[in-house]
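Heads up, the next two complexes both have chain A, just with different partners, chain B and then chain C.
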Partner chain A sequence: MKESLLEILCCPLDKHDLELEDAEYATDDDGDETDEIVAGVLVCSECGERYPIEDGIPNLLPPDMREETPA
Partner chain B sequence: MGILENKARARLFYKYLSKVYDQVNPFIWNEEMRADALELLDLEADATVLDVGCGTGFATEGLLEHVDEVYALDQSEHQLEQAYAKLGKRAPPVHFHRGDAERLPFATDTFDVVWSSGSIEYWPNPILALREFRRVLKPGGQVLVVGPNYPDSFVAQKLADSIMLFYDEYEADRMFKRAGFEDVKHLFQGPSYDPDVAITTIGRAPE
Partner chain C sequence: MTTNESPDDDATTDQRTHVRETYGDIAATGDGCCGNSDAEIAADPDRTLSLGYDADDLEEAPDESNLGLGCGNPVAISNLEPGETVLDLGSGGGFDCFLAAREVGPDGRVIGVDMTPEMLERARENAADSDHETVEFRLGEIEHLPVADAAVDTIISNCVVNLSPDKRRVLAEAYRVLRPGGTLAISDLVATEPLPDEIRDDPDAVDACVGGAATIDQLEVWLADVGFTDGSITVEGEWTDDLPIVSARIEAKKPT
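And now, the complex of A and B:
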C-alpha cells in the first residue's frame, strides 16, 4: 500500500485514525526506500485494535471476520 | 430474510458459492451490462472511486476504463488473488484492501463514487452497508449497486427467499432511502434471454 493511503484509512470498528507501526518499505532499483509499504501494522489510536499489512495489502477485516489466529 | 441473516452462515455459504461463482457469474453480469451501468455515473478521470466487494476485479477493470485509479475492497483473499493476477497487486492503478462492506475502513467524506456489483446479496444487513457507503461518500457523491432482481416465478421466489437476499425496485427504493440516499433510480439489466435478472440502483449522498 502507498503511504499516502493512511490519510483516508480508519479503524473499521470506531472510525478513529490508524497509526503505522513496524513499517517496512519497498526499495527501488538504487536500493532507496519508496513510499510503498510492504509490511507493518495499522493500530487504532482509540481502541488499540491491530490490523496487519500483508504483502502490501492492508487487512482491515474486523477481528471477528479474520480467519487467521492473531499472532 | 433467508438463512444468510446470520453472518457466520453467510460466510460459510459464500465460501461454498465462491467455488462455482466464476461459472455462474458471466450469465448474470457481463461486459455489456457493466458498460451500461458505468454510463449511469459521472466519472472524471481523477475521481476517487471505491469498488466494494470487488471480488475477481471484473467491475474494477470496467471502472479503470473511465478513471485513473480505483480503491477496491473485498473480504475474500481467494477472490482477491484473481484480481491481483489481472490488475497487479500494487497501486496504481488499484489500491486493494481486505475489509467488510458493513464496517468500511475509510474516513467520512472520502469518495466521489462508491460502486458495488454482485455483492449486496451476501450482506446480512444491506442497510448498514448502504449507510456506510453514504458515510464515506463526499456530499453529492454517487452510489451504484448491482444486485439480483426478485424473480417473477413462485418457485424461484421460494428458492430466492430461502438462500439469500433478492429485492425488487420497491424494496431497493426503501433500502436506499432508509440509508439516506437521494435521487434513487433503478435500471433492470440482463442478457437477452433473461433481460431483468439484475437490478442496478443509483443514488446520491445529500449535499
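And now, the complex of A and C:
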C-alpha cells in the first residue's frame, strides 16, 4: 500500500485514525526506498487494535474475522 | 449509528463464513458464481460483453482480473471523473477497479475492499502485472469499512451487496465514507417480490447471489433510512426463470 493512502484509512471498529508502525518500504531499481509499504502494522489511535500489513495488503478485517483468516 | 438492528447472531456468522469459503475456492479454482457454476461461462468474453462492458474494457484490464463474477457493469453507469477517489465494495479479482482506474486517471485513486484473502491475492498479482499504480486493495469487510468519513467520491460494487447478511449496515457505511455530494452506483441482483424461506435459508442459494437478494422495496427503504437522496433502482434484466430475481442498477446520492 502507498503511504499516502494512510490518510483515508481508519479503524474498521471505531473509525479512528491508524498509525503506522514497523514499516518496511519497497525499493526501486536504484535501491532507494519508495512510498510503497510492503510490511508493517497499523495501530488504531483510539482502541489500540493492531492490523498487520502483509505482502503490501493491510488486513483491516475486524478482529473476530481476522482470526479465521489463513496467514 | 444504530446497532440494535444489526443481526450479529450465529446465523449471520455462518452466512459470512460460508460466503467467504466459497469465494476463496472460486479465487483458487476460477469457478464462477452468480448462477454460473460452469467455469467456461465464468470466463466467457461474450458473457462479459453482454453485461455492458465493451471490448476495450476487456483489453484494458489484466486478463486474470475478470473472474466473470459480476452481474452488471457499474463503471459504465457511474460517470467517473478524472481525479476522483473510488471505492469498490467486494473487489474480487479487481476487474472493475482497473477499469475505474482508467477513468479517474493518474490523479485519481481506486480502493478495492474484499473480505476474501484468496481474492485479494489474485487482485494484487493482477495489479503487479499491470501499470495501474493508482489501484490499492485491502482486506476488509463491507459492513465495517476501514475507510475514513467523507473520503470517497464514488462507490461502485458489482453483485456483492446481496451476499451481505446485513445490507442496511453496508449502505450506512457507504453513506458514511462518501463525501457530501458523492455517488453510490452499484449493480446487484434484487428480488421483485419476497423470496420463499427455503431459498433464503439455503447457503448455496446465498452464495449464488440469489438467496440473499433484498427486495426492491426493502432496498429503497434502507437507502432513504441511512440518509441517501435521489435513490433509484433500475431493473436491467431477468436473471433466472425460476425466481423473482433481476439484475439492477442501484444509484443514490449523499446530499451536499
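Here, the second predicted complex is superposed on the first by the 66 of 71 C-alpha atoms of A that agree within 3 Å, B and C clash if a C-alpha of one lies under 4 Å from a C-alpha of the other, contacts with A are read in each partner's own complex, and residues count from 1 in each chain.
Everything below uses one rule, namely that contacts are C-beta pairs under 8 Å (C-beta built on N, C-alpha and C of every residue); 3 or more make two chains touch, one makes a residue touch a chain.
No experiment lies behind these values; they were computed from the predicted model shown.
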Report for A:1: first if it touches chain B alone, second if chain C alone, otherwise both or neither.
both
Scan A:47 for contacts with chain B and chain C and give back first, second, both or neither.
neither
Identify the partner contact of A:56: answer first if only chain B is touched, second if only chain C is, both if each is, neither if none is.
both
By the touch definition at the top of the document, which applies to A:15: first (chain B), second (chain C), both, or neither?
both
Hey, what residues of chain A end up touching chain B and chain C alike?
1-2, 5, 7-13, 15, 51, 55-62, 65
Name, in rising order, each residue of chain C that touches chain A in their complex.
16-17, 20, 85, 109, 111, 115, 117, 120-121, 124, 136-141, 144-149, 151-152, 176
Residue ranges of chain A touching chain C (in the complex, touch as defined)
1-2, 5, 7-13, 15, 17, 51, 55-62, 65, 68-70
Taking the complex as given, what residues does chain A use to touch chain B?
1-2, 5, 7-13, 15, 36, 51, 55-62, 65
In their complex, what parts of chain B are in touch with chain A?
11, 71, 73, 75, 80, 89-91, 95-100, 103-108, 110
